[in-house]
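Two complexes, one shared chain (chain A), two partners (chain B, chain C).
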Partner chain A sequence: MIYFDNGATSYPKPFSVVNAVQRSFCDFCANPGRGGYNSAMKSAEMIYNARSAAADLFNANTENVIFTSGCTYSLNAAIKGLCRLGSHFVISDLEHNSVVRPLEKLKKSGKCDYSVAKVTPDESETVNNFVNKFRKNTVAVICTLSSNVFGIMPPITKIAHEAHKNGILFILDAAQGAGYLPVDMKKTGADIICCAGHKGLFGPMGTGLLILSKDINIDTLAEGGTGSNSESLNQPVLSPDKFESGTPNVHGIAGLFEGIKFVENIKCENILMHENKIIKYIFDELKACQSIILYTDFYDGVQKSPVLSFNVKSKKSEETAALLAENGICVRGGLHCAPLAHRKMGTLGVGTVRITPSWFTDEKETEFLVNCIKKIAK
Partner chain B sequence: MDKVIFKFNSITYAIKAKNTAEGLGCKTKIMKNPNPKKGEGCGYSLTVFGNADEIKNAFDTVKLKYTGIEVYK
Partner chain C sequence: MIYFDNGATSYPKPFSVVNAVQRSFCDFCANPGRGGYNSAMKSAEMIYNARSAAADLFNANTENVIFTSGCTYSLNAAIKGLCRLGSHFVISDLEHNSVVRPLEKLKKSGKCDYSVAKVTPDESETVNNFVNKFRKNTVAVICTLSSNVFGIMPPITKIAHEAHKNGILFILDAAQGAGYLPVDMKKTGADIICCAGHKGLFGPMGTGLLILSKDINIDTLAEGGTGSNSESLNQPVLSPDKFESGTPNVHGIAGLFEGIKFVENIKCENILMHENKIIKYIFDELKACQSIILYTDFYDGVQKSPVLSFNVKSKKSEETAALLAENGICVRGGLHCAPLAHRKMGTLGVGTVRITPSWFTDEKETEFLVNCIKKIAK
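Up next, the complex of A and B:
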């Protein structure tokens, strides 16, 4: 199998991650934060250390790192937790359905409204497009770190700065990018970071992070047992307990912890450099083919992440992806759960074939991919 | 040397406190709060051996929230 679908979930996982998950069934067999016996404390210590490692990676406070089931849950928690009757949100025109669908549902139920700001190659224009959408009742801007389809990176720090000037929170969707694009909570100005644990952070599927920059008044999405304040019928008010009801995904978190350590060890910058090298090679090779359509230019001076979308002119994206699958190549065709981004780029009808490499992708695999695409495009 | 018992509602804060105290070179022990008072159900206690004022200052610096403290000189 030649895997180029790391945008969906990373594969392979580092051995340390696989081993940690396997070992966790013995090493961390007890429920953390409930009992006081040794094995329960051992689970709790591991969870704390994982939380602390995530906090270090994003330059956040340990207690403000919340483990979730994935970025979708994190975004739902942030959006629905901030939404009050009459609230307004501003999002970019690159957002994933995990942002758009919760907002659309809230809008249809009459609870909130949202506006879509256009991202352009001109940073100032993009920032102005966001500012022009701000209203008196805007509570948050939600913006992707990197488009999961086209790799386009909105100027998040500048958008966050303008949001704050207007008393608006900034939520960063770092599903695509966390792990290979360095994200510093304080430097970016993000009030909330939502990210997946199983993509660039190399954790198991079913893991994600919700990170708060401070005590933000977010309502809870779920309530229940937290192992703390148990005689109270009310949900605890302190993070992370407030947002982590029920038994945590200990085995997933054990793997995610090792994934974060793996990223910290190699460094985001080196992972990015490796993936960029691969994507630029593919871009250069495919650009020379007249029967292939590329949607982004890696040499136009606009910062992009290592995500490449293309189409073979005579074929639908799903057809091309299926032909590549016959050669053992894993890529994703279609709309990638991001209809806004496809509408923006004029690909809503056909979708695109998306290539997303990882730290483990090598030159031989990349050459094979390029050769297969060229054969299909002939 | 003082024996200081801090009480926490949450295991996260108890472990953060433990790490902070151990950073000062103190010996520590976390256990379930053995004698919970009203409002302290299911909490944890951290026993620290060291200078009580120094430990409290260190906890204040990292904004650690504890629900109770007992100092034995």
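Up next, the complex of A and C:
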């Protein structure tokens, strides 16, 4: 299996991740915060350490790192935790359905409204596009760190800066990028970071992070037993307990902890350099083929993450992906749960074939991929 | 480690469960429904089979079995999925904070109201207590299969029957019980079943089920990418896609699948018989000690599941639990996230020490536990 679908979930996971998940069934197989015996304490301690490692990676405060079941949950929690009757949100035209669908539902039920700002190759123009959408009742901007389809990276720090000047919060969707694109919560100016645990952070599927900046407080999406203040019918008011009801995914968190350590060991910057080298090679090779359509230019001034979408002329993206699958290559064809981005780039009908490498992708696999694509495109 | 805290999470997990989770990092390490290549297809197929196995266990329809991150999420999804402005709920006085806290929050925000019905040893009286709380705007009764603190089992089938006669839905919280107390969705008359995957079903922590009866439709708690209808800004309308946004916990589901198969192999009834034998022995031994307080009588006509709470006179429950922990015994002391149940039984101040065995608990461990308790109680 030659895996180029790390944008969906990373594969393989580091051995330490798989090992930690397996060991968790012995070492941490007790419900943290619900028992005073040794294994429950060890379980709680591991979770604290994982929380602390995630906080370090994003330069956030430990108690404001919340473990979730995935980025979709994190985004729903962020959006619905901020939404009041009459709230307005501004999002980029690259956002994923995990941003658009909750907003669309809230809009349809009359609870909120949202506007879409266009991301262009010109950073100032992009920032202006966001500012022009601001209203008096705008509570937050939601913007992706990197388009999950085209790798385009909006100028998030500048957008966050303008949002703050207008008293508007900035929510960063780091699903595609966390782990290989360095994200410093304070420098970026993100008030909330939502990210997956199972992509660039190499954790297991079923894990995610919701990170709040120090001064922000949001409503809860779910309430329940927290193992704290158990005598009270009311949800605890302090993070992380406030946002983490029910038994946590101890096994997943044990794996994610190792994934984060793996990333910290290698460093985001090195992972990015490695992946960009691979994408650059593929890009140059495909660019030379007349029968292949590329949607972004690697060097046109737009900052871009190592996510590459293409199509073979006269072929549907699913067809190309299926032909690659026959050669043992895993890439995703079709739409990538981001209809706004596809509409923007004119690929809503045909979809795209998406290539997303990882730290584990090597040259040989990359050459094989390129050769297979070239054969299909002949 | 001698583990009597299966009410928090079951330990050990069957070898097949641990093995399946580990294998999932190779066999199913691809995002189901997001790729047409082999491992993504295998991943989707495994999830379908797991869904089907869960449906068989509860006599439900496969497409109405929804995988969640735990029972807390399932209950929040059920409650908030049904709640409209002005809705009224009726719950038992044994409910967990995962039922009470969401309702309390909705009540405080003026969205809904709820009433608490008293469960007594007399079944008819209990049913009447529920019926007396019904209002014109009551949308659902929420009732536990078995108290997570005292093992008391309300007459759910009769309560559900009365609810239906009044056009009211019945939500069953099967967190404590699923796996050792047989639950037939159709015979019970439950419209929604919420349960944990990591307790009696022997799955990993971080898994749960939300099961809807055929004719019921509820609103979504979270929306996002589903890998289906990706061109649409709207959430799909059909279950399970409607309720399963984002990357599923593939590893957890692979483990839960094996847990369900394990239960189906042994049969709920046999697990219950085994656990009840253990609890009966402990109960009889502790009943003979004057310095021990028991809160329920095993044979007083109240149907009871194998969950036993006790206290040593003159000792706080946490103190007794800590002394048992010194002997390598894992039990939970304090409050068990169920303040209503503690208030009912007069243990809100002192808490209780809870003993919850599993299929894997043996006689020798049980005798050791009893001897340790007796020494502490001397």
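By definition in this document, the second predicted complex is superposed on the first by the 377 of 378 C-alpha atoms of A that agree within 3 Å, B and C clash if a C-alpha of one lies under 4 Å from a C-alpha of the other, contacts with A are read in each partner's own complex, and residues count from 1 in each chain.
Throughout what follows, a residue touches a chain if its C-beta (ideal position, glycine included) is under 8 Å from a C-beta of that chain, and two chains touch if they have at least 3 such contacts.
Keep in mind the model is a prediction, meaning the values are calculated, not measured.
Peer 1: Which holds for A:36: it touches chain B only (first), chain C only (second), both, or neither?
Peer 2: Both chain B and chain C are touched by A:36.
Peer 1: Name the contact category of A:231: first (chain B only), second (chain C only), both, or neither.
Peer 2: Touch status of A:231: both partners.
Peer 1: With the two complexes superposed on chain A, say which partner A:288 touches: chain B (first), chain C (second), both, or neither.
Peer 2: A:288: touches no partner chain.
Peer 1: In the superposed model, which partner reaches more residues of chain A, chain B or chain C?
Peer 2: Looking at chain B versus chain C, the one contacting more residues of chain A is C.
Peer 1: Which partner chains sit in contact with A:85 here, chain B, chain C, both or neither? Use first/second/both/neither.
Peer 2: neither
Peer 1: Which partner chains sit in contact with A:12 here, chain B, chain C, both or neither? Use first/second/both/neither.
Peer 2: Touch partner of A:12: chain C, not chain B.
Peer 1: Determine where on chain A the residues touched by chain B overlap those touched by chain C, and list them.
Peer 2: After superposing on chain A, chain A residues 34-36, 226-227, 230-232 contact both chain B and chain C.
Peer 1: How about chain A: which of its residues touch chain B in the complex?
Peer 2: Contact set of chain A toward chain B: 32-36, 41, 44-45, 48, 51, 62-63, 226-232, 236, 238, 240-241.
Peer 1: For the complex, which residues does chain C have touching chain A?
Peer 2: 1, 3, 5, 8-9, 11-13, 17-18, 21-22, 25, 29-31, 34-40, 69-73, 75-76, 96-98, 100-102, 104-105, 108, 196, 198, 204-208, 220-227, 230-235, 245-252, 318, 321-322, 324-325, 329-340, 342, 348
Peer 1: Quick one: in the complex, what on chain B touches chain A?
Peer 2: My answer: residues 9-13, 15-16, 30-32, 38-39, 41-44, 65.
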